Structure formats: structure tokens, C-alpha cells
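Just below sit the structures, each encoded as C-alpha cells.
What follows is a pair of complexes built around chain A, which joins chain B in one and chain C in the other.
Here is the complex of A and B:
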């Protein structure tokens, strides 16, 4: 693991797990840690969830539980949480203390389950990795835990030939996760498939259906972990993409790969792709005049690997942008030279240095890139987490809908910036001419 | 002041017997606080800020200061988007291996890196991992200081020793008093000592602080704001001020008293400047310390007209207001509600202790429902379900808990309610929000009906020693 990080943006495993649990309707997390652990996350990642930022139940462990163990405190917390807060599934998430002290968290969850309370636990703690690890591990623990409680419907109903589970687009870790997943569901329905997206209106029911899916599709390596476990335990085949599809070509690539696995009805794929192409072209042909103004713009991208890859490809191929720097923040690796592109870092000092050298006309990143965007006097288009105080509900940068949104936002950011700059220059001319 | 020489501030529970759970009436709480308080525990809790979150909030609010969070990467998240957060926030990013072998090497690296970036001050904050692992942070710091001469200050936070997060403000204040405030007041006296006042702020929003600064500016009083919205220089020169005044005496007590006892900076003990009477008391107290009483009276007379006019319209007549805030502002706010013709239907405060319990006397109706909720929305929801309120003044982040009861939440901090401008702003907001009464939430009730029908102290028990 990398040593010191400046302005760490990826949180810890607890934070990723917490956002994952909160984003599934009907799932109520119970945090077993000191009281501030969950709050820290909310102050950074103010993403919309049914439970508010200070409503998350947690054991708020105190010194005596650190010294004598927090098992009994967790027992009473679980018992009382299910009496106070609604939920169809409760998951205990661990902070660092419980792991260091060695609290028997699985034992406490099992006790509750024996009382017929729908309680499971995550088998990892905060310091086991970043929030991305937390998403992967929590997703697996939720599905497997639901199955262990007998909530899962897979074994009784057999495999559902038209059900596809989607992984790798994580709450709070993909800035537009809800919109992206709903766009995928729309597309899959056109292929006669039903998508289990977990973070949509279906909520916890979709966890129950997951073991019976015909196919698991992942859109990042974080989803790949879950798919791997699902394949081992439930024999569910997997299909992995290392990018989020943006624009027609990427959608086509994805659709053909999926169609090969789920064999939709004859003509469904062709019909769907034809319609998507028409929709894409309809919007894009309206942009020529605007695109001309931004052709060749130098773009620097900062974000998760799958988003940077997908968005970068679209900008380059469809909007004629030159991607001068890509910084991948979700799998920072040590080493790598300055010339590497993409670079991997989650350290804001390194990222800012890369952006300074990129010569970019626009930065596509997170609100954390706002200071450097101001310093370089370039526009910032927010495509990455952490989202900060911004409210994001159904917006998507995935598929054709996402491509249209991205085109709108990208061109508007550049043209608005240019207009502002021209206004500044006009004022400067006036000021200079008045000197004489 | 012996406790300044200690390595860390004591918790509020030990120092002032802070009580963090109570459900009943104002009269009952007054009776309880008149005797020796016994610590309580909750058997059901919701996540709330801890001392780490509060200490980061303060120390990262000092411009140019480097704040090193010695713990896992998640422990540093809270300062990323704070409006006044320093850009020099470092995490030692401890992992499982470090939790076993210790994180000294990473801490050395973090301190060297922070110091090399020209930080105006360097602070190290502890976390549960380092506290449990007993990392010898002080040795690493001493070794670095001896080698480089750069001062590094350790804030001994741990996240689990105190139930009262305001302990984090005390720990941060202790750090500043020991490590950053100029210890030589006499040097300062030669360079203009006594011509300014320290305005101490811990939790107030930028708009709140700005509105109070505006009042001082109108009076021609020079102000040194700290520790939030400040610089290392502001903190250093705090020992040269004529006096210190806090926007929330309870939160700032450690710093205000520390400046008085260690550096002779007079502490002005007054109310939060909310409402007509409290704003006047605040200005008179501050002006008195700087000998500008006459100007203050002229200013008060000038400003009072508008506020009196707003109050004479009694915009809150017939309406009930539930106050969910710290006791210090709540005491002033209760007076404002009354000045505007309304009734306080209930009060929820995070804690009461020896330092602020005198404020309970500022509330007059002993039958008023009063809870000490320590940031527990489920207990506040329980109390709200049993009162008839039209409005609820809440801190940011829990407004959704208020909506199921048909009560209009008023989030505090967006618009300042401090001073005379605050009275006008609050009156105007109330007039606009009257139409929103009965507002329905989109989300269903998250709390079970069985809980709302129980007594609010169902999950509170007395601590057994």
C-alpha cells in the first residue's frame, strides 16, 4: 500500500461498504466502530441515500469496549437497531477498532440471525483497503449473506435465463452510478434481459435474485472481484469490461458481447443497435457547429480507471479532443515514470503536478481538482468522485444517453469558459484604451 | 494554568462532568444538574461526530497549516470539502500491517513531507488505530524537531475516550495554546498590544462569522478571528489581544480560558449574539473591553429600530419552534423566538456540563420538553413526535428527520441569524416558510412506530462504575 497520501480521496473500506449498503433500498447498515467513522465519510461524500448522514446506526464504541471487547455492545446495538430502524436486511460493517480488538462480529450477527432477525456481517475492516475494496467486499458479503439467511431465491427457482447482474459501478465511487445503472437496465431490457442493478428501485430484492442470474457483467475490476466469487460459489458465468461504455461504438461492443452470452430473440440486437445509432446520430449531428469550436481541445482526465478509459475514448474519437493526461485514482500503484499515461495516483499533490504539466484546456475530474483548475484558469467538468456537496440523482455519462449528456457538458464547459475569457479580454482592451 | 502543561486536554466528561443523555423537562434537567451528574450510556446509538472530526475541523481551518491524520485513509475524509479547510491534509494511510507493526515510518514520512511544503504550522492527529496500537507519536515528533528545528504539535485524539465530541475542540485548543500561540506577551505589548479583540469560533458557518465581523467593523473594533477561518499568524497573535469573545462560549471555553489564564487575555463571557437582547449584550460586553462603550450605545440605538420593527410584527405569534442546537445558541435563540411572539415547544442540545449549565436558567418554562441528545436523530424524532411544533431549527444534515412530523426544518448556517441582520433574516425566513407548514417527506418513515411510541430515554442507562 502506498505510504502517505495528500488529501486522500478514496476513504477506507468501511466507507465504500457503507455507501454500498446505504444505496440498496431496504438494507440498513450497522457500523461497529467509534462514532465518527461513518460521519467522516458523509462529510466527504455527501451522496443522496435514504438514511441521512447522521441517521446511520452504529455502536459508537468507547474506551471500555476497546479494552474489554465490544462484542456485547454490538449485541445490544443489533438488538435495538432492528427495533428502532426499518430494514429488510441489516449488515454489520466494521471499523478498525473491532478488527484490532478482535471482536466476534460474525458471532454477534449469527446470534441475531438465530433469533430470526435478518442480520449479516461484512468480513473486513476499515484499514483493509480503499472504499473501492469496501464496495467489492461488501457486495459479495451482502449477496452471500442474504443467501446464508435463506433470503436468496436462486436455488429454489433455478437459474433465470434472462437475468443479468451488473457489478463494478459503485455507489459514491462512480459519481453517476444511479443514472448509469438505470441506463444499463434500459438497454438490457431492449435485449430481452432484466438487469439486477442493486442500486435502483428494486433494492434488497435484487440481492436475493443475484445467485440465480444467468450472467454477471462487470464494468471495473472492483466488480470483477464479485463476479469471480459468484462464479466460484454459484457457477454464474461472467463477462468483464474494463471501461464504462460511452457513445455508440462502445455500446455496440458491449451489446454484441452480452448478446453472445444471453442469446436474445432474433433481431432484438439489430433492432436495438439500429435505434441507438439513429438516436446517437440525431443528437450528434446537431453539435457540428459547436464541436468545431472545441476541436483539438486538450483534455486531462482524473478518475476511476473504467470511467477515465470510457470517457477518454469517447472524447478522443467523437469530440476530437486530445487527451494529454489521464490519472487513475482507484488503483494507485507505486512506481511508474512521469511519461506514463495513464498515471496512477490518489495523492492530490501528484495529481496537480501531472495536471500542471498536461497543458490541458479542460480538466474532467472531481471537485477536488477545483483549486488546480482555478490555478490553471481552465474549466472543470465533474465526472469523478468524491462528489462533495453536489446532488447527483439520475444523471448518466454511460451509453447513448450518457454520451449526449457528456457532449453537452463538455462543449458547454469549454465554450462558456471561452466566452468568459473573451469578455475579460474585451474589458482589458477597453481599460487599456482608456489610458490614453 | 496547570492543565495547559499537561500533554493533552481531559475529556469533557472528566473535566466538567458533561452529560450527554437526558429526556424530560427543563425543570427535571435543572434539578439533575444541580447535583452530581452520573454518566449515562446508550444501548442504541447512531453515528455522530467524535473528537477527531471536531479537532480536524478546527486545525484544518488554519490557513497554511499542515494537518497529518495518523490513521487509515478514511480518517481524514471529513476535511476534504470543509469551506475553510487547509489544502495541506495528509494521511499516513495505515493498513492492517501497520496496525500490528506500528506506523512510525509513515508518520516520519508524513511530517517530513508536510514540513517541506512550507506549512505555517504542523499538527499530527491521533486516531483509534494509533491509540490502540500505542504508537509513540511523541518520540517521532521530538526526533524530527531536534533534527530540523521545525515545531510539530500533537493533538491526542482517539475517537473513543469521550462521548462528547466537543472534547475535540478542547484538544485542538490545547494544541494551539501549547504549540502556536505566542508565549511572549511582553514582546507583543511593544507592537500594539490591546488594540484588537479575539473572536473565537469553532463551529459557526462563514456567514455567521461574517455577520459578527460586520458588527465589529461598524463599531471600528479590530478583530482577530481564530481558530477557524484564521492563519497561523492570527493564532500566534491571539496572546496580544485586549480580550477574547466567543460565538459559542461552551465550545470555545478551553481556548478563551486558556488565553486568559496563560496569557492574561481577558475573557468576555457573554451570550451568543442571537436575538435583540443577546446581540446588545454581546456588543456591550465586547465594546466594554475596548473602552468604546459610547460608540456601542450609539450603534445599538441605530440598529435597534429595524429589529424592533421586525419584532413588533410578531411573525411567530401562534407558532411553536423546536430548537435543536448547542445550549449556548439555544439560550439566545429561545429569547429570539419569544421576541418574535413565538413559543419554544422543545429543546434538544448535545450536552450539558458544569460550564454551560447556568444557561438553563435563561429558559423560563420549566415544563418545556428538554432533551440532551448528543446528536442522536432517533431520540430527536421521538421528541418531535410528541410535541406540537411548526418549525424546528436544526444543524445541517438532519432536516429529513424532521419532515415526517409535518414540521418545517430550518437549517442553520446557510443564512446567518446572528446580530440585528440575523433577526431580520430569521423574521423574513419565517414569513416565507409559513406556507410550507405541513410539508410532507418523500421518503417513508425510517423509524418504527413502536420506537416513536416509547419513552425517549428507553435506550439510556446509567453507567456502572
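Here is the complex of A and C:
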């Protein structure tokens, strides 16, 4: 094993949970930890935090609280936070030291709940795993915690037949999670279903609805964890995909599987798929000539497993790309993957090595691949977190909309790069000829 | 840390085994012999130096730190019997916080307050809570704070087990500048075979028995007066034993890295002693037995 890991991109569970909580409207995190834990998230993990808000209340514990316990510091912090920051749900997130010292965090949250303040606590700490682990645990604790406070809504009499919750597409997992989720919501509506997407305008209200959903759909193993817990406790059926659907074939596979579980009105599925196919083919035909220009381009992918799988398949089948390297960055999973030659690494040096040897004409990865893309003089397309300085709002790389966006960006990146190179060469030739 | 002022000695052992009693009597005997002594109780119970200071009130280092004011040496120390400077690290109330980190912080603060430069002790004794339960409690034998440790044990298996654990910690830290073992202090012995058990354990681990302190009412009685045996009953056999132990501790430079016994071997060793004691009680004594 190497003894140095260069620039790992995955933070700790606290970071994943913090990104999750901050991205859900109405949820206010309270970090019980030393202040560096939250600042680190801001600096390293979450450029995207600049979207929206970054006021993170925290207990900022010091050595004193380590020795004597941080319970009363947290009690004070909860009281003050509830007074000065709005939130329909507050969640206490634990750093490592409070967990090691054994602070009674559940007790403090319970005290607040008894004062009728909507405060819950996470049942894990920073050291329990990666940021992705933090996403899945936080999601589950938020839903289950909201239910325990009795703020769960939905049909009194059990399940809401037309409600679906979506898991596994989230900040820290997908670069375009907001757009992807809104695209999914649009698709579900066409199947007569309403979707809880959590990271959208609905926010915390959807957490309260979640236990009464008729189906949970997951698009990564991290979402799979939440679905598993929901099935155990609330009996919610689940449907898990290990890819993010991009393009018509993937959309059809997904829609048919979902339709089987939620039985939309007769004809809704056929109508919807027909429309999606027409839309997809329309755009693909328009780009015939462009696509011909990039046939056989070698692409290297870096990102979470389900994104790399979904995007890789689309590039290969629709844009005739050769995927020469796939690097999966969200912790090793058991079982195989259907992406081309996937490698698993969180180590930027190893990833750069793989990319160097891939002979790629284009890299689809995160902003962390910018230096190697520059070194190799190839274009970089952003499909993975961590978020960089580029503003990503509602754009999607999922579904038909996502396929069109991806096609547009992928081909543009290659042609612009090629044109740029040609221009450079032409200018160079002119300079040379003027010299002599 | 710069130049080391005085000999720094850590005393470990299972809970309730007699660490504080033994340490305080060693301190008292050293003071009586004319040395300048500091005793630091490294235990949230903060009862280490009780018998040196007649149970007089003494705010702990961590209590003062918690109050947030600038701490002065005078606030956290009191002069006890024979001029022994008594200090208690203190710590969190039971069930919260991290006492291990507390000891660490208290010792660091004492260094920052230049305790040793000011007081210039000949001996500093650290009476450390219980078994080595986590890294925090190993602080006094790590980082060059003390250079020698003694372990108090009875012949009970769990006390020996705790001593063996301390040996593991010493074994781990000694090569990088941690303390070495000065010896085993056998305390509270009553049965005749007890000393043999401890001597055998010492031989197995490559260490020595520094003293044997029999169980005695003199100790209990002195404690009830809030005094050490040296102060309350200076002419007893126990006072003599403590003086001898103090002399041993003061002069002993034969410091070793002990070889702790592995968990299975330790159990086998204990079982073997179980058989021997059983045979003894039932009258079967083999010739080799040094009882």
C-alpha cells in the first residue's frame, strides 16, 4: 500500500452530513465539534456551499469541553441557535471528539424536543466513514428524526399511493444533483407520481412526508442504505438502480421498472416514453454531423460509481466514445460494476497516473482533475464533485434533458479544443513565416 | 522539556490497591529524610494527598482551569507533612468528559507554570488513577515526564493482570523515551503464599519486588486521622517498611523494560498457582514450593 494519499476528495461523515443538511431547505445543522471541522468542510469539500448559505452554528468545543464534557456547551448552543436561526428542523451533527468523549448528545436534543423545539441529533460521528456514508446516515436520521418528533405528515391512514422518494442523488455525489433531481421530478409527474427529492424547493417538508411514500427509488448504493432502513422501519418498498440514467435506453429501463411498482394510469407510460424518444431522436439527428466528428474519441471518467456507470454507457453507446479509463471515487463497493475497466481510488496521484496512461482525448471528472487535464492538454468536463468555482444551478446530466446537455457539452469541449489547437498552429505558422 | 529537575516517579496499579496510601507514605518518608518532594495526584477523585495534608481543602488544577482565571501555583498547591508540596490534577465528574485528556492538560499546565523550576524538588511522585485505560492515562510515563514507574499490586489475579497491563504500556513507550520500571510494590498481603506469587510474577516478567507491605490496621487507623503512617505512627513496623521503600525508590537506578506475559500464558500461570494453593490448603505440598 502507498503511504501517502494525495488530495483525497472525500471528506468525513460529518462533512457529508453537513452538505446534506445545508442543501435541504428548512434544515439547520448544529455542529457539535471543534470549529475546524465545519470550516474544513467549507474550504475543502463544499465550494457549492456558496450557493445559498453558509451560516453553520457550532459549539466550537475546546479542550475544556473535552475534559469536562461538552454537554452543557451544546445545550447552550442549541438554545441560542433556535432563537436566532430559522429552521423547521434542526439536527445536531457530531464531530469526532465529542463522540470519543461520550457527550450525551441525544440527551441534549431530547431536552430541546421536550421544550417543543424541533431538534434531533445524528446517530453517527465524523469518524464513522466518508462523506458519502455521512449523506446516507444523515438522510436516514433526518427522516426518522422528523418522524420521532411527530412532525411527519402524509395520509393518516398509511401510504400515499402516488408519492415516491428519491435517494442516492445528492451533494457530494453528483455535480448536477439539483438539476438531476428536478428532471426526475418532471419524469415522475408524467407517471402520475409526485416525488420527494429533498434537495429542491420542497426541502424539509418532504422529509416529513417520506415515511408515507409508496416507493423509494435509489440511484446509488448510498441511497440504497436509506431505502434499506426505510423498508425495515416503515415497510416502504424500494427500487434500486446502480446507475444514473442518461439517454433514452436508460430512461426506458428506469421508467418501465418504476411503472411496474406504481402502476400509473393506462397509457401514461407509453405516451411518456414515446415523447421522450421523439425528443431524444430529434436532438440526436440534429447533431449527426457533430457526432461524426468525435467518433472514437477516447474518454476518461472520474466520479462516483453510479455517475461513471451511467455517463460511461451513454458516451459509449450514443456518442461512440471509447472509455479508456474509469475511476470510481466513492469507496470500494462489493460486487462488480458495469462501467468499463473501473478502478477505485480516492488518491489524486493515482488518479492522475491512471489518466496519464489512459491516452484520453477528454476527461470527464471533477475540478480536481484540472491540473492533469492542463498537463495532458485535453478538455475537462465537470460531472463529479467536489464542486469547483463554476456555478452549477439547475443544469442536469440525467434523463433526456441530461443527455442533450451532456452531448452539447461533450462535443463542444472536443471541437472547441480542436479548433483552439488548429488556431494556435495557424498562428504559430504565421509567426514563423513572418520571421523568415 | 529542558533539564530535568528532580527524579520523577509514577505510581500505577489497579483501582483501590493502595497507590495513594503507598505514594503518600513514600513522600512522607522522603520528606522526613530531608528531601524536597512534590506529590501530584493524577486522578479525578483528587484524594491522593489527603493524608499528607490532614484532609485540608485543596482546589484542583483542572477546577481552577475550568473557572477560566489565570491559574497561579499558590492556588493549586498546599504544603503538607514535612514540606511535601501537594497537588491534585482533578478532572471531570464521573460519567462525562475525558479524564485522560484532563491529566494531560493538568501536567502540561504545571510545566507551563514552571512548578519544578520554582520549587526545585528532589522527587516528584505521580499517583496515577487505576489501570492504564487509554492513552491519556499513559501520559505520565510517556513524553519523558517521568523516567521511572512503580506498580502497586496485591497477589490477587486482577491486580496482577492490571500490573501486567502497565508493563505492556511501559514496554511500548520505553524505547521512545518513556519511563522504565523500578519495581513492584506488593501491598496488602496477608496469606503466606502471597509473596511467592508476586516474586514469581516478577521473575517471569524480568522485574523485581521493591517492597512487601502486609495488610495492617496501622494504615487504616492513620488514614482515619488524616495522616500517613510516617506521621501518625512513626515508630511502627509499617513506618520502618515505608522508610525502607522510600530509600529503595530514592536510590534504585536499576530500571528495566519489563516483559509482559501474553494473555493466554497469564491465564495458564494463574491456573497453575490456583492448583498449588489448592494443594496447600488440602495439605499437599511438593518439595519445590518456596512457601
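Note that the second predicted complex is superposed on the first by the 403 of 436 C-alpha atoms of A that agree within 3 Å, B and C clash if a C-alpha of one lies under 4 Å from a C-alpha of the other, contacts with A are read in each partner's own complex, and residues count from 1 in each chain.
Here, a contact is a pair of C-beta atoms (placed from the backbone, for glycine too) under 8 Å apart; a residue touches a chain by one contact, two chains touch by 3 or more.
These numbers were taken from a predicted model, which means no experiment stands behind them.
Undergrad: For A:367, decide between first (touching chain B), second (touching chain C), both and neither.
TA: Only chain B; A:367 stays clear of chain C.
Undergrad: In this superposed model, does chain C or chain B come into contact with more residues of chain A?
TA: In the superposed model, B touches more residues of chain A.
Undergrad: Looking at A:223 after the superposition, I want to know if it touches chain B, chain C, both of them or none. Which is it: first, second, both, neither?
TA: The answer is neither, since A:223 touches no partner chain.
Undergrad: Touch check for A:37: first (chain B), second (chain C), both, or neither?
TA: A:37 contacts chain B only, not chain C.
Undergrad: Give one of first, second, both or neither to describe whether A:71 is in contact with chain B, with chain C, with both, or with none.
TA: second
Undergrad: On the A-aligned overlay, A:80 touches which partner chain: chain B = first, chain C = second, or both, or neither?
TA: Touch status of A:80: first partner only.
Undergrad: For A:100 in the superposed arrangement: first (chain B), second (chain C), both or neither?
TA: A:100 contacts both chain B and chain C.
Undergrad: Between chain B and chain C, whom does A:127 touch in the aligned arrangement: first, second, both, or neither?
TA: Touch status of A:127: first partner only.
Undergrad: So, does A:7 touch the first partner chain B, the second partner chain C, both, or neither?
TA: First partner only, chain B.
Undergrad: I'd like to know which partner A:63 touches here: chain B for first, chain C for second, both or neither.
TA: Once the two structures are laid over each other on A, A:63 reaches both partners.
Undergrad: Looking at chain A, which of its residues have contacts with both chain B and chain C?
TA: Residues common to the chain A contacts of chain C and of chain B are 63, 65-66, 100-101, listed in rising order.
Undergrad: Given the complex with chain C, which residues does chain A contribute to the contact?
TA: 63-71, 100-104
Undergrad: Within their complex, state which residues of chain A touch chain B.
TA: 1-15, 31, 33-46, 50-63, 65-66, 76-77, 80-81, 83-86, 95-97, 99-101, 125-131, 349, 367-368, 371, 386, 388-389
Undergrad: Any idea which chain B residues touch chain A in the complex?
TA: Those residues of chain B that touch chain A are 41-53, 71-82, 87-96, 98-99, 105-106, 109-110, 113, 117, 127-129, 131-133, 159-161, 163, 165, 375, 377-378, 397-398, 400-401, 443-448, 450-451, 459.
Undergrad: Which positions of chain C touch chain A when the two form their complex?
TA: Within the complex, chain C contacts chain A at residues 62, 65-66, 91-93, 96-99, 101-102, 105.
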